[in-house]
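Common to both upcoming complexes is subunit A, partnered first by subunit B, then by subunit C.
The block that comes next holds the complex of A and B.
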């Protein structure tokens, strides 16, 4: 038993080392990528951050939301308004945007105290509808149907107009988010999340405060979404409210389910899958000599099919396959 | 009723007085239940399905509210303090803990994580490791399953884990809800042997709710029989076993010889 836990520990240390290498590698590579490659990498990283937030809520605390794109929108327009209209510096704007999204998230999280399962899904559906309706109406904030421009900020004296520089800001927030995620799971609150997900009644009897635990899950989760939304706004520069539609919310949920519920790796792998699969399918279509217009409906179909296949054959998500692979390789090498 | 208590010297730990409980304000389940437990006592509550046994436990442990139940009259006193309607997390801190049936383990967490969750409300986290070892002393079967997900355990093992998880909270008053539920006769015997062992070593006060009257009477110092939300009989196990009524209702036919 001791030997096994030693082995387990070294696999864990290996994972940590791998994560550091990955971050450094991605950070360096981002400075040399082409424009379109960098664009993909930026979207993947922002979605990974939003995915972490949703995974805390859904994967760890067991509360489903199909309104997370709307919470990203709250963060996006809050940051834009604070920074561009009110002149608040960029970093405080991002954190405040997260805070505003968390406040809105708390409000829409209240029904979770009474509702669960499909009923909670319906409650978050209405949150999405209400927030999106607000985006449409609040032209002073969002530009309504026309969208709005958001100028990229100067952070700590560095002009982030250049995409590769802006990416480093995105990466920094994603790393902070990842470290916070991993640490939160080790705290008392992290254990309360798991207990509430597994069996709320048993959690209650162990002394878990269900109200505080669920509200914390919503607040932290929507804070992540808000920060991711703020980063998305500056990445896009021209922000249309469609970037925060119900479709995107459902994509985010698909992201955490396919990536792996309740794990950090799941959020990252899920983001890779969600962003890259359509791109790869487009590339494939081009190779086959199809026109982009012809490909669009087929692409959606194949994408949907891939999701179903994943759920059937790897219900614990890509994170599980990834762990199997790395553990296998590690044991092979360490022999 | 007080006159029947065995040891007058030890102080009262729990007093339930004229408790009335209703669910959703209309379904009345308890109609004036009273009982008193002295420190260190082992009291059994017997009764058929729907007699209100579990409701009685929930109204003591603070789990009534989350099922839509409420105390409409009467009171629950712990060491003389009124705790009627207190939340579960408050009762856990006061040392009152309900062990629910085995299916209430956390299925996707390992046995060890389940045990750790039991200590959730404790502030003295340094001794948790030691307590896990102590608890595993009662349940040697769980030792080799420590890293296994609780959902993969057998029914009996889950029941043991549920009890062990409860002990991790270091309760003073343990409320056991039907530990024999769904277990084979052999396992029921083992679980009850362990419960007795725990009681002897830990100096716990135990309130046990059980349909298996035979086992309950064998371990308890004193027992109550509930019927339709009231206490119908109360006394020493030996006396209750002789009672014709109980024989007929719960021990399988009239007593011969």
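The block that comes next holds the complex of A and C.
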């Protein structure tokens, strides 16, 4: 068409190339990382996947949830039960876990038809409370407060005991999730989500069925959470229900807000931030000669402060800064 | 001249908001293939009529469109039946690009859900229908002279361009009946003339019946086949534009308004 959109298109193509390089790079690097580095990378990748799911719901469809860790929990324990207790193969277990989380998500999404904003947050708060209470009670499933052991599976004949092999499974799901997310955003349902978020009244006049669209957003979003939870269970091997507490739910919400609402890059950058910042602060504290006991509260304080600073100075999240940077670099290079 | 079979019939519509009688037994028949203007002073109930047709308000009375009882249909069923509209105070998806906004008008015509969306470029994917819709959206914004704004977020655009985006979005829904609520507000005379040209073109070439609310009497004279005049929620006159403008009741209703 014209110059502006040509540029826009080449920046987009550049981003796509960058994403491919990133995935290949991470995949190869993961095979050479130390144990603790690999652990961080795995958690980042799983959170990025869960973040995409929450971002679809909150960033794109405008429906806030502080129950996503609980939905991850539903996926985690479903997969564990299916695979370990019932002997269902790993890949179907993961997908079924996503499906079960989606079914539960749909149920808890029902109030979104009537509730908006802060009231909807409260509804998801009660979802978190109810599900967590269930995790505590259902010892047959979760081991209750003692937690439970989940043995890593053999997938397609490959034993995933080795962390670096297991990571490739995680990466594969994250990439599939990312591709599906990016595709959804640019097609009919993605536009419907945005319409529901931006102007429900106009969305309806455009033919968008509000109820169906919101339910779809809940189902897809909690499917992502369920799959991420399943992957988390096998990564942890010993699963404590605390991994799916309200605190983690709020961290996930912070992840998408800081990373950038409604974008794929936002989910990835947010996961990096959420996982790495505490680590970096720990490292820093060690350098300064602080003791572990003193560190924890200071770390939490600084972490919280960083979040506030972010909200003040980059309310659109890291993805916005990232896009400015890459667009700038790309235009520089392509000149 | 096309047939005068009414495609849209409003029968004895009444609606009140608290003490305000926004509509009082208003009956209007809109003939298929015509451009039908609704005029009247501020607060006369013009927008309320459109809101009743698009299902946002539930009035007393009856609304029939193309053989259907509209009051029994939910708002999101309107596009499927062939009704599209624009809003007086702009109802766009502000953070989305112009093209995404316009493409949203095609929502009811496409079929793809989550799976076909996620599988975009595979055999089961929805790439083909998305591309066709995109081409149609580009065509619509080019017709409205905002072709170069496609990738811009609509919140950046001036009021007049946002109005154009709304019209493009309504066009992409391929309606039989197009409801326009002051589509030329905030435009100068030459812009108004261009837009009037577009509305005419849609009416003549695509056989879209148009109901338009417009304050500019000059524009109304030029494009309307029929004019309905509302005042304080009542219909005070109806007929061809020249005939209506001569009506003493209409002149009286407009006295004190900015324009005669």
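Rule of thumb we're sticking to: the second predicted complex is superposed on the first by the 334 of 335 C-alpha atoms of A that agree within 3 Å, B and C clash if a C-alpha of one lies under 4 Å from a C-alpha of the other, contacts with A are read in each partner's own complex, and residues count from 1 in each chain.
Simple rule for what comes next: contacts are C-beta pairs under 8 Å (C-beta built on N, C-alpha and C of every residue); 3 or more make two chains touch, one makes a residue touch a chain.
In this text, all values refer to a predicted model and were calculated from it rather than measured experimentally.
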Combined model on subunit A where subunit B meets subunit C, clash or fit: clash
Touched partner set for A:332, first subunit B, second subunit C, both or neither: neither
Touching partner for A:195 - first (subunit B), second (subunit C), both, neither: both
Per-residue contact with subunit A, leading partner among subunit C and subunit B: C
Partner chain in contact with A:209 - subunit B first, subunit C second, else both or neither: both
On subunit A, the residue positions that both subunit B and subunit C contact, one per complex: 188, 191-192, 194-195, 197-199, 201-210
List of subunit A residues in touch with subunit C within their complex: 1-2, 4-5, 8, 179-180, 183-184, 186-192, 194-195, 197-199, 201-210, 216, 220
Residues of subunit A defined as touching subunit B within the complex: 188, 191-192, 194-195, 197-210
Subunit A-touching residues of subunit B, taken from the complex the two chains share: 61, 63, 66, 88-89, 92-93, 97-98, 100, 104-109, 113, 116-118, 120-121, 165, 169
In the complex, subunit C residues that touch subunit A: 54, 56, 75-80, 84-85, 87, 91-96, 100, 103-108, 110, 112-114, 116-121, 125-126, 130, 138, 147-148, 150-151, 169, 173
